[in-house]
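Order as written gives the chain letters A, B, C and D; numbering starts at 1 within each chain.
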Amino acid sequence: MPTILGQNQYGKAENRVVKITRDGDTHHIKDLNVSVALSGDMEEVHYSGSNANVLPTDTTKNTVFAFAKEHGIESAEQFGIHLARHFVTSQEPIKRARIRVEEYTWERIETSDNNSRFIGSDEVKHSFVRKGQEVRTSQITFDGENWEVISGMKDLTVMNSTNSEFWGYVKDKYTTLQEAYDRILATTVQAAWRFNWTSDEQRMPNWERSYAEAKKHLLQAFAETYSLSLQQTLYQMGSRVINSRSEIDEVRLSLPNKHHFLVDLEPFGLKNDNEVYFAADRPYGLIEGTVLRDGVEARIPVDHTNL
Amino acid sequence: MPTILGQNQYGKAENRVVKITRDGDTHHIKDLNVSVALSGDMEEVHYSGSNANVLPTDTTKNTVFAFAKEHGIESAEQFGIHLARHFVTSQEPIKRARIRVEEYTWERIETSDNNSRFIGSDEVKHSFVRKGQEVRTSQITFDGENWEVISGMKDLTVMNSTNSEFWGYVKDKYTTLQEAYDRILATTVQAAWRFNWTSDEQRMPNWERSYAEAKKHLLQAFAETYSLSLQQTLYQMGSRVINSRSEIDEVRLSLPNKHHFLVDLEPFGLKNDNEVYFAADRPYGLIEGTVLRDGVEARIPVDHTNL
Amino acid sequence: MPTILGQNQYGKAENRVVKITRDGDTHHIKDLNVSVALSGDMEEVHYSGSNANVLPTDTTKNTVFAFAKEHGIESAEQFGIHLARHFVTSQEPIKRARIRVEEYTWERIETSDNNSRFIGSDEVKHSFVRKGQEVRTSQITFDGENWEVISGMKDLTVMNSTNSEFWGYVKDKYTTLQEAYDRILATTVQAAWRFNWTSDEQRMPNWERSYAEAKKHLLQAFAETYSLSLQQTLYQMGSRVINSRSEIDEVRLSLPNKHHFLVDLEPFGLKNDNEVYFAADRPYGLIEGTVLRDGVEARIPVDHTNL
Amino acid sequence: MPTILGQNQYGKAENRVVKITRDGDTHHIKDLNVSVALSGDMEEVHYSGSNANVLPTDTTKNTVFAFAKEHGIESAEQFGIHLARHFVTSQEPIKRARIRVEEYTWERIETSDNNSRFIGSDEVKHSFVRKGQEVRTSQITFDGENWEVISGMKDLTVMNSTNSEFWGYVKDKYTTLQEAYDRILATTVQAAWRFNWTSDEQRMPNWERSYAEAKKHLLQAFAETYSLSLQQTLYQMGSRVINSRSEIDEVRLSLPNKHHFLVDLEPFGLKNDNEVYFAADRPYGLIEGTVLRDGVEARIPVDHTNL
C-alpha cells in the first residue's frame, strides 16, 4: 500500500462540565468545556481497525467528570494538567495528551435587601448570572516530560471612538481608499499566550491571577495606544503583556478590523461629524501577528484555534 | 384568480447603526440593530408589481442613519418612536410601522493610572469594551393613532445551584424521571414586556430606567424564588416586574430549562454530592408563559421574537 | 395578587430522533427534531408550584422516542399527529398539544461498481449523505377536536441572475437608490402553508407528496416570474401553491432580499456588464406576506417560526 | 524593548464575490468567499505604525472584485493563483500571499414545461437553487517561487446505518462503555488535501475534475468500509483519495463521531432492534489524522482550518 499514516490524534471533544463547590451557604461555580486529544502508538487502529491500544473516547469523557470530583477545578489550566498527566502516565501507548478548555465566567446576582421570607438569610449565595463577555481559553500539552501551556481568550469586543488614523500607505491601481485622520478602531480580540513554565521542576504560575492581569494589560494597551494602524496596536498589546508578565514569553493575536464606516449624510443635507457609523459585517480586515520575548522561539501555530 | 393577499409587510432589516456622542473628551456609544417593517396600501405591488406606493427598503435604511443624526439616540424606544411616526405620517399609503431594535451595551475600559504619555490626560474617555451579557430588545408599533411598545431581552443566562426541587408530577407509562429534591435550575431568559403607554397624550416612561429596573427585578425574582417548578419561577419573575413597575402591564417569558444532569460517579467509586454536573444542549424543557396585570388583555404573541 | 396568568405552554424541545427502517438490506432514514408544547389546566403549577397536573417534559421526550418505535415515522406530519392526539387524549389536564418538527433529508451514496470485497453485494444500501438543502418543517396542533397542520421549509436559497427590475417607486428626501432594469434577485425562502385538513372525518392528505409538490411549485414560480418587485414574486409563489394544491388554503412567506450589489469597477478602468457582484449580509430587505385561497380566513401568525 | 515581532500577516477576509457568466441565455454562477493574507517586510508598521510598506486591506478587496472581471473565475484554485501571484509580484515588500476560498455550489431550477408566457422560451436558464451540501474550500500559497495548493471541503454529513463495530479496546477504571457489534457510524467530513503541483513549470491539475473525483472517493470509501473504528474508516478515506488521484500527495481529515445512541425502550415494554436513536450534540468523539503518499513529507497543519 503506497500510503502511510501521518500525525493523528483522537479523544472526546466538548465535555461540558460544571462544578459546584460549597463553602457553607456560599456556592462557587466552574463552568468548562473540555476537549481531550490523545496520540501515540495508534498505527494499528488506522491500518487494521484493531482497538487494542485505544482507550475509548467515552472513557476520556468519564475521566473529565471523575477528575472534577477527585481533583476539583482550581483553574482550567490546573485541571488540564491533571488530565494530561493522567492519560500519558497511565496508558503506555499514549505518548502525548492535549487538553483544550473553554471557560465561561459567572458573577453573583445581587439580591434585594429585605427578602428573608424564602431563604432565611439576608443574602442569596447560590444565584449566578453568566457574564458573557469573553470566553477564556487554555490548551495544555504534555508528552511525558515537557509541558506547554497556552492560555488566551476569544470574543472580547473593544472599540476606540477616536485616536486612530490610517494614512501613508501604498497606493496601486486598485487603491480607492481615502486616508483617515480620525476613525473608529474596533476589533474582537482572539489572543493566545504561551507560558515559560514547561517542567514540574519549575514553580507553577498562578493561573487565575495571570489571566486577570493579561486581560487587563490587553485592554489597557488597546485603550492607551494612539493608533496609526491596527498592526501597531496589535504589537503594543502583545508587547505590554510580555513586558508586564514574566511568566509569558509569546503572544499571538488575531484582530479582525471591525469596520465602522462613516455614513454619507450629505444627500440629506446633514453633516456627519464623526457621529453616525454603519457597522459592517463582511469583508473585514484581518490582522494577525506574534509578539515574542527577545531570544525566545515561537511555538504558537499561525492558525491557533481553541475548539 | 382564486387567491387573495393577506397580512403583508416589508422594510429593511438589521441596520447596524452606531452613534458616538461627544461630551468634550468623554464619548458615549449607542450601538443598535434596527429593523423596519411597513404595511398599508400594498395590494398593487403584490398583484401587478407596480411600485407606485412602495417607499424602497433602501430609503428606510437611509432614514435610520439620517435620524441617528437628526434626533440622536436617547434610547432604543425613543429612536423607534421617531422612526415609526415618520413613516406613518409622511407616506400616505403607509398605515402602520413596526420598528424592532436590538441594543448591545458597552462599558468603559479602565485604564492605568500613569499613562499620560500618549493621550495627554489621566483618563481614557473614548475606549470601550462590549459587555456581552444580554441583548436588549424593543419593538415599537404605530398605526397613526396608537402606540404599542414591547421591550425585553434575550440571551441572559442565570443559574441557581440549589433551592430548586421537582416532584409530585403526573406519572404515566412513559415516565422514568426520578423526583429531585435539590437540583440546579438554569435558564436563558428571553423576556418581552408591554408598556401601558399607548398615546402621545400620556406621559412617556423613562425607557432607560425602566429597562434597568425590569432587569433587576427579573434577576432578583429568579434568585429569590425557592422553586418547585420552572413554571413557578416564571410566574414569580413576570409578577415581580408588573408589581414593581406601574408602566408595564404584560410580561411574556420563554425559559428553556438548561438541564444540568448530576453525573453518576458510582462506577468510579466516587460519591457525587451535588457537585459535578453535565450541562446538556438538547433536548431541553421549554417553559413559556404570559403574566398580566389583572384586568388587562394580553397582546404579546405566543411566539414573540425580536429579529 | 394583582397579576394573573395568561397563555402558557411547556414541553421538551428539540428531541433529535433518528429512525432506521430495514427493508431487507435496504435501509431507510427519518431524521427529525421534534418539539412538544402542551397547555391546559396549568394555573396551579404557576401559582403554587404544585406539579399535580404536570406531565414532566422528560416524559414527553420519552414518548417521542417510544412512538418512533410504536408507530414508526411515515412522515413528520403523521408522526406529529400521533403525538398530539396522545397527549390530549391521555392526560385530562392537557387541553392542547402543539408538535413542531424539523426534518433533515438524506440521499444514498452512490458506490463503486466493483466493491464486493467488504459487503458481499453489488450495492451499498445503508450509506447516506445529508442533502443539506432546505430544512423541512411542520407544526401540528390539536385541541381534542380540531387539527391544524402547517408545513413548510426554511433555508432554501434561490437566485435569478436576470429578469428582475425595480423602478417606479416612491422617492422622498431620504431616497438615493437608483432604478434598476436588470438586477439579480436572490432570497432564502422561509415558507409555511396551512392544510384544510382539520378533522379525523376528512381524508388525510399525502404529506410526503404534498411537500414535494409544494416545493416544486415554489421553485418554479420563483424561476418563471419576470419580477418587478420581490413582493410580486412572493405573491406568485404563494398563489402558485394554492392554485396547484387543493389541500392547501394559506401560504405565508418570509423572503429576505439577499442583495447582490454590482461592484463599481470604473476606478480600475473596467466595465461591469452585470457580471461581478458583492453579496451583502446586512442590512437586507425583508418582504413578508400571506396568500390565501379566496374566502378563507388567515390563521398563520405574522411571525410564524418553526423552532 | 525586550520584545520582537514574529510571524504576521494581514489582508481582507471574507470577500463575497459572485460572478455571472453569460453563454447566450444560459447563465453560469461562481459564488465565492475569498480571504487574502499577505506577509513580508512588515516590521515597521508594527513597531512605529508607518504604513509605507502596507497595501491597504481595502485594496486587496478591490483586487478580488477587479480580478473576477479581468480573469474570470474558472475555478477557486485558478482564481486564487491569479491573486496570489499578483500580490507577490507587484508589491516589493510582499513576500508571501495566502488566498483562502470557500465555494458555494448552485444547481439549476427545473421549470415547468408549458410556461412560455413570461419568458418567451421553453426553459429558464438563469434560475438557480443553492445545493447546500458541503462547502468546498481551497487555500493557495505563493512565496514568489513555489506554490502550495490545499483543497478540501467541510460540512459534508454522512452516515452508515450498519457495518460498524467497536470493541476490543483498552478498559481502565474509568471505562463504562459497552462493546458494540452493530452501530450507526456518522460524521461530518472536514477534509483537506494537498496537491503535488508546486511550480509553474509543472502541468496544472484540472481543479474542478480533481475536486469531483476526490469527493466521490471520500464518499465511496466511507460507504464501502466495514468499520471496526472511525480511525480505520478515516485511513481508508484518505488512502482511497491518494491511490486514485496522482495529483494529491497528502490528505488531512477531521471526523467528529456524531454519536447516535440507541434509546433504551425497555422501560416502556418495547424492544429497540437498532431502530430508534438519539442523535447527540456534545460531547462527541473527534478523530483526526493525516494520510500521506509514501515518501512524502507532511505539510498540512494539525489544526488546518479554512476561514
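By definition in this document, a contact is a pair of C-beta atoms (placed from the backbone, for glycine too) under 8 Å apart; a residue touches a chain by one contact, two chains touch by 3 or more.
All values reported here derive from a predicted model rather than from experimental measurement.
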{"item": "Farthest-lying chain, centroid of Cα atoms versus that of chain A", "value": "C"}
{"item": "Interface with more contacting C-beta pairs, comparing A-C to C-D", "value": "C-D"}
{"item": "Homomeric contact chain A-chain B: same or different residue positions, threshold half", "value": "same"}
{"item": "For chain B paired with chain C, centre-to-centre distance based on mean C-alpha positions, whole Å", "value": "25"}
{"item": "Between chain D and chain C, distance of the C-alpha-averaged centres to the nearest whole Å", "value": "28"}
{"item": "Separation of mean Cα positions, chain C and chain A [Å, integer]", "value": "37"}
{"item": "Chain B: positions in contact with at least two other chains", "value": "15-16, 62, 66, 174, 176, 267-268, 281-282"}
{"item": "Chain contact graph, described as a line, ring, star, complete graph or other shape", "value": "complete"}
{"item": "For the chain B and chain A complex, residues of the former touching the latter", "value": "15-22, 27, 29, 31, 62, 65-66, 68-70, 106, 109-112, 115, 118-119, 124, 126-134, 155-163, 184, 219-220, 222-226, 260, 263, 265, 267-268, 270, 272, 274-281"}
{"item": "Touch list for chain C against partner chain B, complex", "value": "1-16, 35, 37, 42, 45-59, 61-63, 66, 90-91, 93, 166-172, 174-177, 227-229, 231-232, 234-235, 238-239, 242-243, 250, 256-257, 282-294, 298, 301-305"}
{"item": "Chain A-facing residues of chain C, complex", "value": "173-174, 176, 267-268, 281-282"}
